[in-house]
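What follows is chain A paired twice: with chain B in the first complex and chain C in the second.
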Partner chain A sequence: MTSAVPPEGEAATPLLARFSPRTQRVLLSYVILLAIYVCCVAVSRDFLTWSTMRLQLVQATFIGLITIGETFAILIGQIDLSVPWTITLSAVLGTNLSALYGHQWVAFAVVILIGGAVGLLNTLGVYVLRVHSLIWTLSVNLLLQGVALIYTNAVAPTTHIPALARFLALGSVSGVPMAFVVWAFFSALTILALTRFRFGRYIYAIGNRQTTALLSGVPLGRVHALVFVLSGLGAAFVGLMLSGYSSQAYLGMGNDYLLPPIAAVVIGGTRLSGGDGGYFGSIAGALTVVFLQAMLITLNVSEGSRQVVFGAILLSLAFLFLKRGR
Partner chain B sequence: MADEEAHSATAAKPLLAAVGLTKRFGGVTALRGVDLSLFPGEVHALLGANGAGKSTLVKILAGVEQPDAGEVRIAGGSTYFATPHAALAAGLATVHQELSLFPSLSVAENILIGREPRRLGLWIDRRTMRRRGAELLKSLGAADIDLDTPVGELPLAQAQLVEIAKALSAEPLVLILDEPTSALSIAEVERLIAVTERLRAQGRAIIFISHRLGEIERIADRVSILRSGEKVGKFEPGAFRRDRALQLMLGENWQEARPPERCVQERQAAPSILTVENLTLPRHFSAVSLDLAPGEVLGLAGLEGQGQKEVLFALFGLFRRGLEGKIEIAGRRLHPRSPHQAIAAGLAFIPDDRKSLGGFLGLSVTQNIVIAALDLVRSGPLLSPVAESALVEELIHRLDIRCASADVPLGSLSGGNQQKVVVAKWLTRRAPVYIFCDPTRGVDAGARAGLFAVIRELAAAGSGVLFYSTDISEFPALCDRVLVFREGRIVGTLAGAAVTEPTILDLFFREPGPGAPVGARHKKEWGDQPGSGAEHVEHHE
Partner chain C sequence: MNKSRRVLDKHAGSLSCALGLVVIIGLYALRQPLILSPFGIASLANVSVALALAAVGQTAVLLVAGLDLSIGAEITLVNCFAATTMSAGAFGIAWVVAASLLIGLAMGFLNGVVVAYGRVEPLIATFCTSFIFAGAALIILPRPGGSIPDGFAGALTGSWGPLPFSLVLLAGVVALVWLPVFTSRLGRYIVAVGDDASSARLSGLPLQRVELASYMLAGFFAAVAALFLAAETTSGDPSIGGIYTLNSLAAAVLGGVALTGGRGTVLGPILGSFVLSIILNALGVFNVSAFWQDFIEGLVLMVVLGLGGLRVLRADSWLALLRQ
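Take a look at the complex of A and B:
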């Protein structure tokens, strides 16, 4: 990937030594983003137009918002794989119930309830019962899938989407997509939380060495709960936005959001072993993943081959970053 | 050694002879030119303080570690053992302190594990296996142990006999028993001694390691004494003398141990800053009562594993369940269920192993120091970088921490400086009670002196300090009072000038009288210890 931009790579080499390894990884993730974007433009001039870019930014917002919780989770050495069906369940339930009660705020209440409940359930399994988060959160994902299937067997999904959800996904504020504004706001908050809040310090402490964190008085249970609840809330919120975006809520709408957010975190330079990384890199990661998907679609690659190529590229990126991490 | 040659000339040839064993770990010489010879039908005791090199010697003999110089001769051949398997094949079996049994497998399965009799080389011959297991247990006089019981359900003493039977299944010529009695009650120790005598009568050679001089007096034929990695003396059969042995273990001038130079602080009428009454944690310690005055340094001494460390862990909230008794800090009751709570109540805890417990090696010096004081450097919801760096710079200066900047990762600092950072973390808040849990392990002499100065400063500023160390010599140098632990109980209190190495050691080793209560520790099963703090800590790893 970097070979696409040899000038940057070569010019950066002597400079790189001045930065900490962590900064280097973040820089690298932006170099990769640039390289992917250059590739996109090479494939199609459309990527220079605002209408195409606008589409990509909205897509990146969905992944980026999920990536917030995933970055927290990976930083404390865990992972959250319950995202896809949290998205779907929140979208289906939120839109149906708000149509039923005739008030769009019901949808937001559902988002908070589902996100919070999923987060607490994950905390129960991962922190209290000490099941490996990979297993537990994936199982919770299955559980949510079951709940969604049972619900939709009884009640058909509605196409009556809350106006606010449509506005968040499709609206604009003086030309800037509303979705992007939302992402920018939460990104800033996340970066602030990780660098300047007590919560952020606790997260790095736990990810670095949980025993030491315990002995330093870090409230492990509370931090785990907050991380998983935030991750659940992010996914549930994205569910509502997605229903506004496609003007419907349907089963399986979250299925494409299992691995891309994790790929975004890894490309963003956060180490999967925890304790090292941050959200600034994850932003580049989310954009990279979206551009990569868009490029493969533009190239008219068939669905199957697209997945193969996407998977292969993610694997090599993951390899690149994990190797650098050691 | 000349007298050993004399011995070999008059009696049988040695079964095993270690010659000039030397082992270094990094810059530390753990073992320096140690000789040892073992004859058939003898019990050879190894004696030495913690860190004297006993475990290193045993590990080399067992093939776990390889010596940097020297060799082990067994049955005339000259070799050292590259792997534990090679040692076993050459006829040397070790029963380690930590049992290596599978709790869910039966006694018979455990005894013959890896050596199961087979039919046609395929499936396990259970009948032969049971017969062999029964024979081995019988040879130990332990025929009462049921062959089909899962080992996890046996009491510790019986599990230990199973472990010995397992070692004997390889028909070893030499058997090493590494502190086999440290966890046993008095009656159980009797049985183990009887077993050892039986093994000796069978013509095997036994290396017996124990801290209990009384046992060694009873069972050992010859005794070798290690100090600081060197063999400093030995006793021929019948020549063992307790006081001389202690002298050899501690160095020639131990009797001159000076009375503490600092004046013993008058215990003021001021109320205790920490009061503990009848603190009990089943299997770890029982009925521990202590009180700590402001400005006092109180030592908790004892051999490793006597419950003193667990008391400190319990105070800091690392045992969630099973803790009974009363803890008061500055007059307020504390039910410590987490370090978070304990810190809020006014405790600070400096742990023993800086790599695994004390610091975040991947985080910056600043992040390490302020982690326990984030509430002190906040302005509103945000952490203030200005307040942070002011706090950190002051501490770096005060403790003379050598680092390129406060932003470099802790892992890039030297060991002593890392330990200083861990201490600095707790100086950010003026805790009423400081717990130092073996803080000097792996720290050089200079850093240790600095640490002691810090501890005295803390005490002078009115904090109470609880101090535990595996190095006995640190208690007289630092403590106003010392409580000595054995088997989970306080067996003695020393104060002021009475705090000396010999007086502490005397309390360590004094045999409990016949009426003395048996320690609560290990009374039940050795297998699982639900809710124990140690487990808690390990789990978080």
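Take a look at the complex of A and C:
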């Protein structure tokens, strides 16, 4: 009978310690999400209604889709900061060219072209020339801003938005926002890719130790290119959805999408040093960031105070939960 | 490796920047000979010194293998503070200058505490604080405005014969702050920690205090840059600092500072800043439309960063490269 009683030390093991560190961090990110949501409800009861939640889900989709590429990039130890003007350029060019050629599929061709081109440009600098991704992708962002400025200087922006972009951002499928369906589909694909596909194993291998990955025969160049192209495609696609969402494409529309996706990845428990984390946590991160922004908007404070509070809350989240190793 | 080769390696960034600077000023002078007049030299120096100060601050953090993405926001906050509080008269100027430098040190202190004691990644920590600083600037000054007394503006942007005061300011701050720090034990500690943090810790260096000090140095230099910008524009602008984050990083990298820490000089980033600023300033002289400015700025940055990456082609194999 005594043998059935577990030894004292084992019985004292706290519940949390039975999970791996990575699972703990993912759990933590959902706890943070819950806490922020409770704060939102405390600020305004509107967050209990479906119409408000629907709006937040659509917003979270935009950040969530960008977060896919950003998670990949951070997992291999890089970062992609060329997102804001990839969004703007793809929205401006996509809507204008599809209005010009009178076919909405032109917009999708533009998305693929811009996403692919930006991704390859980032790969050129980060992988081939080995410039630090932080500074290279910021420079690419500046270059894209320049291209957008030159283009809009020559061509007036159109208000003719492809119907499909509008449907993706605003439509519903039996009550569920279409945007959310898109996000759910790509989320599932991303988690599958990271956990089941060879691509995922390569990503973790590179993030953990690049030399070892190289010696083990991981095609470093192809994985880097794929990661940056996926990140560019995600941002370009979000640009098209955003133009459908706001029924226009304008300069600077992507400017609010530089920090939130990175914050989402970090809150989601992925380490910035690479090799450790995943997309499941990033989903909670994306929702957390969106709720946080919505809460601050509901509080109706000035733009300056909003930025201060946003920064302070993110900082305290990072301070409490995301300490780097020694 | 013999000594002269080592010295050459250390100053490769500065040398290439100096060479670039000579070429750029030469081309500029062919188009606009007035640039070599005292007035021209002063105007070139004035457009470059703010970035040079920011880049020196960034270098202090890069040397300890950190990163300060809040440097632009630090500049913005101090700039807005100075433009809303400074009044004419020696006392009105002096207390604002002192308070501005203290604010800079305080912002650096916050960054340093979060990074060194809070153990938060520098990238995310300074990204977050940049929101706090930029938000605070917006609270102080929601839209461009404020004013700077002429006496203060003249004292920083004028020139004495062919010698612009802005260069004197830059040289003075570097000589009075940077050189004493980096010839002292603290400076050697900063480089040691940036080179290899775990060895430095095993050798008993006060890792956290060293990191804290480097972020405070960055904050201090950002504050000086902000005061200079205030003098140059004679007003405050809550969006003035934005470009300095990327450009200070780029100038430091141009000047041969390693983003991985422990390697770099102070001269390199200063020369790098002059190269970047003068290229951008020269666009107007070469009749480049303002709409092309961002495109060319991005392109210049990428080309310059890419040139630095060409050493990749000299490496024997990928393995040798990854091990560097």
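To be clear about the criterion, the second predicted complex is superposed on the first by the 309 of 326 C-alpha atoms of A that agree within 3 Å, B and C clash if a C-alpha of one lies under 4 Å from a C-alpha of the other, contacts with A are read in each partner's own complex, and residues count from 1 in each chain.
The rule is simple: a residue touches a chain if its C-beta (ideal position, glycine included) is under 8 Å from a C-beta of that chain, and two chains touch if they have at least 3 such contacts.
As the structure is a prediction and not an experimental result, all values here were calculated from the model.
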Contacts for A:208 in the overlay, against chain B (first) and chain C (second): which applies, first, second, both or neither?
first
If we overlay the two complexes on their shared chain A, which of chain B and chain C does A:176 touch? Say first, second, both or neither. neither
(message) Which partner chains sit in contact with A:130 here, chain B, chain C, both or neither? Use first/second/both/neither.
(response) both
- Task: Examine A:272 and indicate which partner it touches, taking first as chain B and second as chain C; both and neither are also allowed.
- Result: second
So, A:189: does it touch chain B (first), chain C (second), both, or neither? neither
Chain A contact check, chain B vs chain C, more residues touched by chain C
Intersected contact list for chain A, partners chain B and chain C 130, 210-211, 214-215, 220
Residue set of chain C touching chain A in the complex reads 67, 114, 118-121, 123-125, 127-132, 134-140, 142, 246, 249-250, 253, 259, 289, 291-299, 301-302, 305-306, 308-310, 312, 318-319, 321-323
Interface with chain B, chain A side, in the complex: residues 130, 192, 196-198, 201, 204-205, 208-220, 275-276
Residue positions on chain A within touch of chain C in the complex are 79, 124-125, 128-132, 134-136, 138-147, 149-150, 153, 210-211, 214-215, 220, 259, 262-263, 266, 272-273, 302-312, 314-315, 318-319, 322-324, 326
Contacts from chain B onto chain A in the complex sit at residues 316, 318, 338-340, 342-344, 349, 351, 356-363, 367, 370-372, 374-375, 378, 381-383, 425, 537, 539-541
